[in-house]
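In what comes next, chain A is part of two complexes: it sits with chain B in the first one and with chain C in the second one.
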Partner chain A sequence: MQIVDLAQSNVRTLNQRLHDLPRDTNERAWRILNPRGAHAVAVGLNLAVEIHVEGHVGYYCAGMNKEATVVIHGQCGWGVGENIMSGLVRVTGNASQAAGASGHGGMVVIEGDAGPRCGISMKGVDIVVGGSIGNFSAFMAQAGNLVVCGDAGDALGDSLYEADLYVQGKVASLGADCVEKKMTPKDAKTVAALLAKAGIKADVARFRHYGSARKLYHFHVDHADAY
Partner chain B sequence: MCGIVGLFLKNPALQSQLGRHISAMLIGMTDRGPDSAGVAVYHRPVEDGSSKFTLFHDDESYHWRAMAGRLSDEMGVESDVEVRAAHAVLTAKAPEKAVADWLLAHCPDVRVMGYGHLMEVYKEKGLPKDVVRRHGIEAMEGTHAIGHTRMATESIVTTEHSHPFTAASDMCLVHNGSLSNHNRLREWLKRRGQRFETDNDSEVAARYFAYRMSEGATLEEAMLAGLKDLDGFFTFTMGTRDGFAVLRDGIACKPAVLAETDDWVAMASEYRSLADLPGVENARVWEPAPAVVYTWRLEH
Partner chain C sequence: MPTKRPHSAKSAKSRAAKSARPAKAAATGPSAKIGPIDPNLLRPSAAFPPQVIAEIHRAADQGLYEIRGFGTKRKLPTFDDLLLLGASVSRYPLEGYREKCDTNVVLGTRFAKKPIELKIPITVAGMSFGSLSANAKESIGRACTAMGTSSTTGDGGMTEEERRASKTLVYQVLPSRYGLNPDDLRRCDAIEVVIGQGAKPGGGGMLLGQKISPRVAKMRTLPQGIDQRSASRHPDWTGPDDLTIKLQELREITDWEKPIYVKIGATRTYFDTQLAVKAGADVIVLDGMQGGTGATQDVFIEHVGIPTLPALRLAVDALMELDMHRKVQLIVSGGIRSGADVAKALAMGADAVSIGSAVLVALGCNRPVHVEEYRALGTEPGFCHHCHTGRCPVGVTTQDEKLQARLDPERGGRWLRNYLSTLTLELQTMARACGKTHVLNLEPEDLVALTVEAAAMARVPLAGTKWIPGQGGY
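Here is the complex of A and B:
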C-alpha cells in the first residue's frame, strides 16, 4: 500500500508519481490522505491501480481516468471523473456540478447527490447516482447510461442526441427533445446490471426511462422562423 | 473569477474564533481573487441611538481623531474612533442618517465602507493574507462574517471597487460573477433615489436588494425579485444584521458549496476554504441549488 499525505506532499508530485508508474508496476494500491479540497487529484491515470482518497476533494478529481479505480471517501467539487475513458470513479458523498462530464466509457458512481449538469455531453460512460441530480443533467448527451435513484432537476436531457436516462424519482422537467420512453425488459436488465455493478440497491421496477425524440437531429423547415 | 466566503456561528462558544476562521477561509480563496480582498464582520454592537461607520481614506496618515473631534463639536454628540490601517471605525451617539449626512457634507474624500449597529467592513487592494493582517481580522470576535477575494473583470481594481458592498444599515453583499444589465439598472435605481459610489456591477446588485427591502420586501422576496431583474451570472452572499443569505442564478455556473454542523454554517466558492473549520470532516456538505434562496438567522 502506497500512502501519500497531501499535507506533506502536493498534488503535482502525487500525479507525476502515478503517471510515471510502469505498466507492470506492483504499486497498485494507494491511499491519499488530507486532500482538503485540492483540485485535480489523481487525474490522467492510465493503468489499473486502485486509489482511495480519504477526504473531500476539489475540481476534476480522477478526470480523464483510464483503467484505474478511484474511490473518493468524501464529497467532491466540479467535474469528478470528467472525460473518463474506462475504469471506475466512486464518490461516497455528494458531488458538485458536471460529474462524469463528456465521459467516453467506464463508470462513475455518486453515492449521494450530484449537482447540476451531471453527465453533460456524456459519450458512453455509465453514471449511477444514489441520490438526486441537479438541473441541466445529461445536456447534449450522446451515448451511455445515466441511472438516478432519486429525483432529477429541471431540463433533464436537454438537446439530447442519444444516451439512456433512467430516473426512479420525480423529474422536475424535461429539456428540449427529451421524452419519456418505454421501459423495456432490456432496459430493466440494463438498470439492474448497472445498479449491481455500482453496489447501489434500488427497485428496478420503479425506474422510468427517458431518451431522445430525435427531432433536433436535422433542420426542420417548419422551425425556420425560430432561427 | 472571484472567491466568496461566509461563516455563521450557531454555537456562541465559537464566537471568539470568528476572525481566525474567516481569515483562513478568505486566504483559502487567494487563487480565485488575488487583486483585492474584503471582509464584513458582525460584532461589537453599539448601544441604541448610536451608530457605527467603517470609513476609508486613501491617505493612511489621515487625521481620523481630528475628524471625529470636529464631528463631535459640530453635531454636539459623543464620538470615538478606532484606526486600522487606512480604515477607521467611527462610533457616534447619533442616528445613522445624521452622521452620514455630516460625513458627506464635511469629508467628501472619506469613503463609507459600511455602517450599522454591528457591521464593520474592511477591504483593500492586495493579497487576502495582507489585507487580513493589516486590519487585524484574525483577532476579531463576532457572530458572523462574509468575505470576498477579487479578480476584477468588469471594473478597475481599487479599494472602492472591492467587495463587500454596503447599501443599507448592517447589510452588505459579495458577488462572484458579472451582470450584463447593470448600466440600465443603475439608472433605474438612481431615479429611485439610490446613490452610487462606483461603476461596479456588484454595487448595483447591493443597491438593488437594499432598494427592494426599503420598499418593504423581505430578504427572501428581494433576492427572488433579483432573479428576474438581474441579468447575468452570480453567486451572491449577503450579510444582514442577524444572519446571511446565499443565492445563485438559474444557470449556476459560478461555484458555491455549503457546509453545516450543529455549531456553524459556512459558504464558500470552493471546499478548500472550508477545510480548516472545526468538525468539517463530519459536516453536511452540499452544493446550493440554482435560483433557491438559502438563509440563516440568529435565534433571539
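Here is the complex of A and C:
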C-alpha cells in the first residue's frame, strides 16, 4: 500500500508518481490522505491501480481516468471523473456540478447526491447516483446510461442526442427533446446490472426511462422554440 | 462632355428597343408579352438591395436562419488600411537575401516544460476533420511539417492521419468535447482550450447532416446524418476562476509539459485577454471577426464580434498592462491573407499569426474548376461559401469520397507549402525594408494608417500626421 499524505506532499508530486508507474507495476494500491479540497487529484491515470482518497476533494478529481479505480471517501467539487474513458470513479458523499461530464466510458458512482449538470455531454459513460441530481443533468448527452435513485431537477436531458436516463423518483421537468420512453425488460436488465455493479440497492421496477425524441436531429422551422 | 456610361453602342440600341416595348404592350393589351424595363430607369433601394430582398424571400420560404461557411463578407477596417514605413535616411534597411532576417518563434515559454519552436510565425488554425476532408487535413499536415510550423485539430478530435502528417500538432479542447481523449492529449505538442471563435463568439459549432459520415459520426459519438449542434459553453467550467482550475487539470494530466493556449473570439478582447492570462494561459489565440467557419448562422458571422485590427490592439494593450507581452505569446487570426498582413500583425505586437480560410483557398477553394458544380450549389467560383453543404467542388470541405478524391494530399501539400513560403518571403521582405534582423522586431512605430478608422482602432498615426484619434485629448 502506497500512502501519500497531501499535508506533507502536493498534487503535482502525487500525479507525477502515478503517471510514472510502469504498466507492470506492483504499486497498485494507494491511499491519499488529507486532500483538503485540492483540485485535479489523481487525474489522467492510465493504468489499473486502486486509489482511495481519504477526505474531500476540489474540482476534477480523477479527470480523464483510464482503467484506474478511484474512490473518494468524502465530498467532491465540480467535474469529478470528467471525460472518463474507462475504469471506475466512486464518491461516497455528494458531488458538485458536472459529475462525469463528457465521459466516454467506464463508470462514475455517486453514493450521495449530485449537483446540476450531472452527466452533461456524456458520451458513453455509465453514471449511477444513489441520491438525487440537479438541474440540466444529461444536457446534450450523446451516449451511455444515467441511473438516478432519487429525484431529478429541471430540464433533465435537455437537447440530448441519445443516452438512456433512468430515474426512480420524481423528475421536476424534462428538457427540450427529452421524453419518457417505455421501460422494456432490456432496460430493466440494464438498470439492474448497473446498480449491481455500482453496489447500490434500489427497486428496479420503480425506475422510469427517459430518452431522446429525436425531433431536434435536423434543423427545422417548427422546432425553433427549442433551439 | 457627357458622363461616360459603361454601355456599348449596341446596348444603347437595345435599350432604345426595350423602352419602345411598353408602348407597344399598352397598344395591344395586357396579354401581350412585356419586355424588361430599362435598368437605368429603375431606382434601387439602399435599404432593400437585391441581396436583402433575396434573403427575406429565402427566410419566408424556409423559416430558419441561413447557415453557411467561410467568413464575413462585409467590408471592414483591415490590415490593408495600414502601411509600413520602410527605412530611409533616419533608419537603414537590410540587404534583401543577404542579411539575415530570422523568422523563428517560441511559443509556451511561461509554464510549459516543452515550449514549441516554429520556424515561421505563421501557423494553421484549428479546422476539424469532418468540416474538412481527410485529404485536406493531410495536405495541411504535410505543408506545415515541411515549413516547420504547426497545424491544429478541430471539433471532433485528432485523426491518425493528421498526427502522422504533422510534426507539431496543436490539440483543441472544445466545449463539445467530441473525440476528446487523454491519449491524444498526451501525444499532442500543445493544447488549445477553445472558448470562442471570431466568426461566432458566443456560439457553438455546427456540422450539418450531409457531412456526418460514418467515420465522423463515430469520432463524435453521434448518430449518422444528423444536424450536429455543439455546445457554446464548456460542460465542466464557467467563468475565469473555473478556467484557472481547468488549465491546472490539463497541466496535471500532461505533467506540465505542453504549452496551453486559450483561444478567444474577438469581442471584449481587453478583459478576455487579461482573464485568460490570469487563468494561466501560456499563449493567447485571438480570432477576429473575419475568421472563417465551416458552418454558422450568417447573421452571427456578419454581426457579432469585432474586427481583427482593433482586437489585436486591445490584446496587446492587455498584455502590456500585465507586463506579459512576449511572455505570454499572442497568436492572431482572422483575415490574414498575405505576407503584408503578417508583417503588420507582428508590428502591432502579435508573436505569430494563424491562417484558416486562406489555407483552404491555397488548397483550391474557389478555384475556377468544376464550374458546373459551383453552379449546382447556386454560386460561382470566387463567391462560394458553401462549405456547410458538404458538396465542396474542389474536395476541401467534404466527406464525399468522389469529391475529396479531387484533392490529392501531395499536390495540396505542395500548394500550401508554396503559399506559406510566399507569405514568409513577403514578410521577410517587409521586415528587411524596415531594417529588422528578426520579424518580431517590427513595431507599432513602423506603421501608419490610411484611414481615420484604422488609425483609431490600431492606434497608429494617420499617415503624414501625428494624429491618433482618441489620444492627446482629441
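The criterion applied here is as follows: the second predicted complex is superposed on the first by the 220 of 227 C-alpha atoms of A that agree within 3 Å, B and C clash if a C-alpha of one lies under 4 Å from a C-alpha of the other, contacts with A are read in each partner's own complex, and residues count from 1 in each chain.
The working rule: a contact is a pair of C-beta atoms (placed from the backbone, for glycine too) under 8 Å apart; a residue touches a chain by one contact, two chains touch by 3 or more.
On a predicted model such as this, the values are computed, not experimentally measured, just so you know.
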Practice task
Check the residue A:Gln16 against both partner chains and state whether it touches chain B (first), chain C (second), both, or neither.
Solution key: second
Practice task
Kindly classify A:Lys66 by the partners it touches after superposition: chain B alone (first), chain C alone (second), both, or neither?
Solution key: second
Completion exercise
In this superposition, the partner of chain A with more touched residues, chain B or chain C, is C
Exercise for the section: Have a look at where A:Phe207 lands relative to chain B and chain C in the superposition and call it first, second, both or neither. Expected result: neither
Problem - First, second, both or neither for A:Gly58, with chain B first and chain C second - result: both
Practice task
Applying the touch criterion given at the start, work out whether A:Tyr166 contacts chain B, chain C, both or neither, answering first, second, both or neither.
Solution key: neither
Practice task
Check chain A for residues that touch chain B in one structure and chain C in the other, and list them.
Solution key: 58-59, 78, 97
Problem - Complex contacts: residues of chain A adjacent to chain C - result: 11-12, 15-16, 19, 39-40, 43-44, 46, 58-60, 63-64, 66, 78-79, 82-83, 85, 97-98, 101-102, 104, 117, 120-121, 123-124, 139-140, 142-143, 159, 161-162, 216-221, 224, 227
Handout entry: chain C residues within the chain A interface of the complex
Key = 62-64, 67, 176-178, 180-183, 185-186, 208-209, 220-223, 226-227, 229, 231, 235-237, 242, 245-246, 248-249, 252-256
Handout entry: In the complex with chain A, residue positions of chain B that touch it
Key = 250-252, 255, 257, 270-275, 281, 285-287, 289-290
Exercise for the section: In the complex, go through chain A and note every residue touching chain B. Expected result: 36-38, 55-59, 75, 77-78, 93-94, 96-97, 113, 115-116, 134-136, 153
